[in-house]
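Paired with subunit B in one complex and with subunit C in the other, subunit A is shared by the two complexes that follow.
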Partner chain A sequence: MFRKYIALLRLGIAAMFEYRASMLIWMLINVMPLVMLAVWFSMAEGGPVAGYTQSDFVSYYLLLAFVQQMTTVWVIYELDYEIRHGDLSIKLLHPLNPLHDYLSTNLADKILRPFALIPLAVAAWLIFPTIHYHLTPLRVALFVVALAAAWFIRFMSQYIFGLLAFWVSDSMTLNDIWFAFTEMLGGMIAPLDLFPPQVAAVANWLPFRFMLAFPVEIVSGRLTSQDLAAGAAAMLFWVVLAFVVYRWVWRRGIRQFSAFGA
Partner chain B sequence: MRYLRLLTIFYKYSIISELEYRVEFLANVFMSVFWLAWAIVSVAIFFLHTDEIGDWTWPEVLMVVALFTLFSGVMEALLRPNVGAVLDQVRDGTFDFVLTKPVNAQFIASLRNIVVWRLSDVVIGLGLIAYALAQMHIVPTVGQVALFALMLLAATAIVYSLWLMMVSLAFWFVKLDNFTELFYGFYEAGRYPVTIYRGFARALLTFVVPIAFVTTFPASALLGRIDQPMTLLGLAFAIGLFILSNRFWTFAVGHYSSASS
Partner chain C sequence: MIISIQHLCKYYQVHQKEAGLVGSLKSLVNRKYHDVKAVDDLSFTIDAGEIVGFLGPNGAGKTTTLKVLSGLLYPTSGKVSVLGFTPSERRVEFLKNITLVMGQKQQLNWDLPAMETFLVNAAIYELPEKQFRQTLDELTELLGLAPLLKKRVRKLSLGERMKCELAAALLHRPKVLFLDEPTIGLDVTMQTSVRQFIADYNRRHRATIILTSHYMADVTALCKRVIVIDHGKLLYDGDLHALAERISPHKLIRVQLAHSLNGQRLEDYGEIVKTRGQRVEFLVPRDATSQAAARMLSELPVADVTIEEPAIEDVITRVFEEAARARAERGEAEENEDWEE
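For the complex of A and B:
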């Protein structure tokens, strides 16, 4: 399995290099965190907003932009196309679940992306020398795990929506709605503790937080150890659930697909 | 006149073909309303913590959001489908058929297709503008409405020209299928009033990629808070970019080499 992945990854990285200009453009247009940062930054000019200073907002949104970049997923566009055109049949003949094919393509992008992001991170640090994070070895380790989990939940949830193309023609629309909720309740519009308390209390347990904001919250220093433990447990729950739901949908979908005889 | 008749025919067929997918049409209208609600909630969260962002009050910001929605509709209904078509045509050489038609190529390339249901965003945007005005108990004067209409026209010209220039680039970057997305990166920044940006970013959005003239300044015009220099600058941008983009398009078409044969 490991050797298969190495081979798939090499293939994926070669493909990324082939389309490097397109890849760069997809990276550059991710300006949403910066737009939101501009709004909050201007609001915090007269003094902190609900405990957030200007430099807190910069720290939050720059790291959020990083998480956003490192968890970007586009698998539904490939999957939807291949299910509709029957191209999936070819992948089904391979002695490997197609999931690994899509997963490794995305992973190849995640291996290359940091190289483009590091110069930007250095530039950001030079422009805003006051950005600050709460970095203990434990929190950094937890950040890395949470980042991987965020990517996984994003990937699997989008994959599941993609698989719905076996049954419905509007799977992309459903995914758009899911994405809208991720931006709203995942900490893109505002850090979750700036929502009304009742909303934040619910959003803290929904999957959206664990697809975007949670890794940032870990190193922002605002969470108590108790919050961290509860968050980590919820994160684990969503990771497992995403996988279980995928297995269930995939088994049924594949039967549906063969029934079409495509 | 002839061009108007052609447009009627083009759009009649676009509408007929879209009516075949009525369920999709409803789903799309639903999505327009959904995204509008999303945009309003996002602004509402800011106003939980403040009375104004960048000197704009809640109903005033709603007007900017409304214009953002309106022009998203214009772009998705008219610009994106045509740009997509030109990119495909240049890639596989069928742009020949556009050039050989006895009609201006720029006309065909930029207005041939329409995705009618996307105009729902335009209607929704106008509705939100009316709602925001009602919330402020403002009845704009005739002069303000006229100025607003003028700025809307200028904004349309600016958006159209920027798109046309991007399409023109297709003649060189045939393989780069997503560079038009770059425009969305800038457009996204026009979601809220341009006054939230500081220094470099504001200058960029006002004077270089003038998105401020698409969402912020038309709203200012209707609220009677735009000054003369900005109005004139907006008009200058509209006319200047329109001429420039037309020149650039002509120059770019000259580089079209068709498919190898």
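For the complex of A and C:
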């Protein structure tokens, strides 16, 4: 399997170099965190909002922007197209589950992306020297794991929506709705602890938080150890569930695909 | 026996919708489906090393059958076995030993040189380095790929791309090849070289091959045996030349006359198909061919004579016409749905 991934990653990276300009543009237009930062930054001008100072907002949203960049997923566009045009057939002839093919294309992007982000991170540091994170080795390690989990949940949920193209023709719309929820309840509009307590209590357990805000919360220093442990458990739950649902949908979808004409 | 199909049926459920907005709304509330029988009770077996031509008009069920055989489609009913596997289970060992080449679909990465896709396939099929190099060298030589391997696929001509597609599909040295229109859109020279390559591959690896093509030249050059289907049903399975004999009980005698006739009536020698100047083509009953030719030679001023089978295209066309007539007599409706990709 390792050899297969190396080969697929090589191909993915080579293909991305063919489109480096458009890749950079796609990254740059992803400005939602910066827009929200501007909003909260001005709201906190007169003093902290619910304990968030201006510098807290800067720290939160810049890292959120990083998490968003590192978890970007577009697999539904590929999958939807290939299912609809029957191109999935070609992948099904190979002795390898197509999931690995799509996963590695996305991973190739995740390997290249940090190189483009490092200069931006340095620039951010120079402009906002007050950004601060709670960095202990344990938290940094947890951050990395949570980042990977966020990417995985995002990828698998979008992949599952993509697989719905086996049955329905508007799977993309469902995915758009899912994405809107991620923005609202995942910590993009506002950090989750600024939400009314009842809403936050629910949002804290929904998958959207673990697709975006959770890694940032880990190093923002606002979570207690109990919060962290509970969050990690919920994160693990969503990772496993995403995989289980994928298996279920895939088995049925492939039967559907091959029953109605590949 | 490498391939066996018994009573294979593949029905597609097709959702019927009336045209226009009202039709769309109606179909939302009340969806009507009807079955289209793409393959309808088809049986045949194929032995190791055979090259079989799979013929039929558009929508006959050829591509559907090939997709069932390569595990892409579940049969509606019937038993299918390829190399001892049930294709629809899509076992890794099965997939490693077959290939399906669809002339109108491609697996090569469009933006990168073909070599990049070859390397990925080598990894996916877990080919040992030595075997991969050896196969690649062989394919490069047979197909003349050397100048193409490092060019971006999108810069290749259609024929060059097809050669690279074939190579990508054969790197793992499959024992069974399903070739669906492998020469479609290629010019005559390129068709000939692809054809030559398929024959070579069959000889070298004793591979079993099923081939569909709209070009009869592909079939006559490669296949001793043909399977003819129409509307998902078997029309003929057997020797290509025997088909010609069965369908067309005539032979074609072409005569070049040395000078004009002295009162002999050409009509007396057989059914005249064509005359152009001093050249005449007769259709004579198969059994009477030699007698007729002898008479012509002795009684007519013959400069040259040839006896031929009628063109295979004409034979096949007649097979389909007869099948259509038989269906019409049974009162079956003509369905024009096109199941090819």
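Heads up, the rule we're going with is that the second predicted complex is superposed on the first by the 262 of 262 C-alpha atoms of A that agree within 3 Å, B and C clash if a C-alpha of one lies under 4 Å from a C-alpha of the other, contacts with A are read in each partner's own complex, and residues count from 1 in each chain.
We take it that a residue touches a chain if its C-beta (ideal position, glycine included) is under 8 Å from a C-beta of that chain, and two chains touch if they have at least 3 such contacts.
Here the structure is a predicted model, which means the values were calculated and not measured.
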Exercise for review: With the two complexes superposed on chain A, say which partner A:Trp26 touches: subunit B (first), subunit C (second), both, or neither.
Suggested key: first
Exercise for review: Return first, second, both or neither, reflecting whether A:Ala50 touches subunit B, subunit C, both chains, or no partner chain.
Suggested key: first
Point to revise | First (subunit B), second (subunit C), both or neither touched by A:Ala148 | key: neither
Review point. In the superposed arrangement, does A:Val245 touch subunit B (first), subunit C (second), both or neither?
Key: neither
Review point. Is A:Met184 in contact with subunit B, with subunit C, with both, or with neither (first, second, both, neither)?
Key: first
Practice item. Considering only touches as defined above, state whether A:Ala116 meets subunit B (first), subunit C (second), both or neither. Key: neither
Review point. Is A:Asp170 contacted by the first partner subunit B, the second partner subunit C, both or neither?
Key: first
Review point. Between subunit B (first) and subunit C (second), which does A:Leu96 come into contact with in this model arrangement: first, second, both, or neither?
Key: second
Check your understanding: Both subunit B and subunit C touch subunit A; at which residues?
Key -> none
Exercise for review: Provide the residue numbers of subunit B that touch subunit A in the complex, in ascending order.
Suggested key: 24, 27, 31, 34-35, 38, 41-42, 45-46, 48-50, 53-54, 176-179, 181-182, 184-186, 188-189, 191-192, 195-198, 201
Review point. For subunit C, which residues count as touching subunit A in their complex?
Key: 12-13, 64, 67, 70-74, 88, 90, 92, 95-96, 98-100, 102, 105-107, 109, 111-112, 116-117, 119-126, 339, 341
Revision key, fill the gap. Counting only contacts in the complex, subunit A reaches subunit C at residues 3-4, 6-8, 10-11, 14-15, 18-19, 86-87, 89-90, 92-96, 255, 258-262
Study note, to complete from the structure: subunit A residues touching subunit B in their complex are 21-22, 25-26, 28-32, 34-35, 38-43, 49-50, 169-170, 173, 176-177, 180, 184, 189-190, 194-196
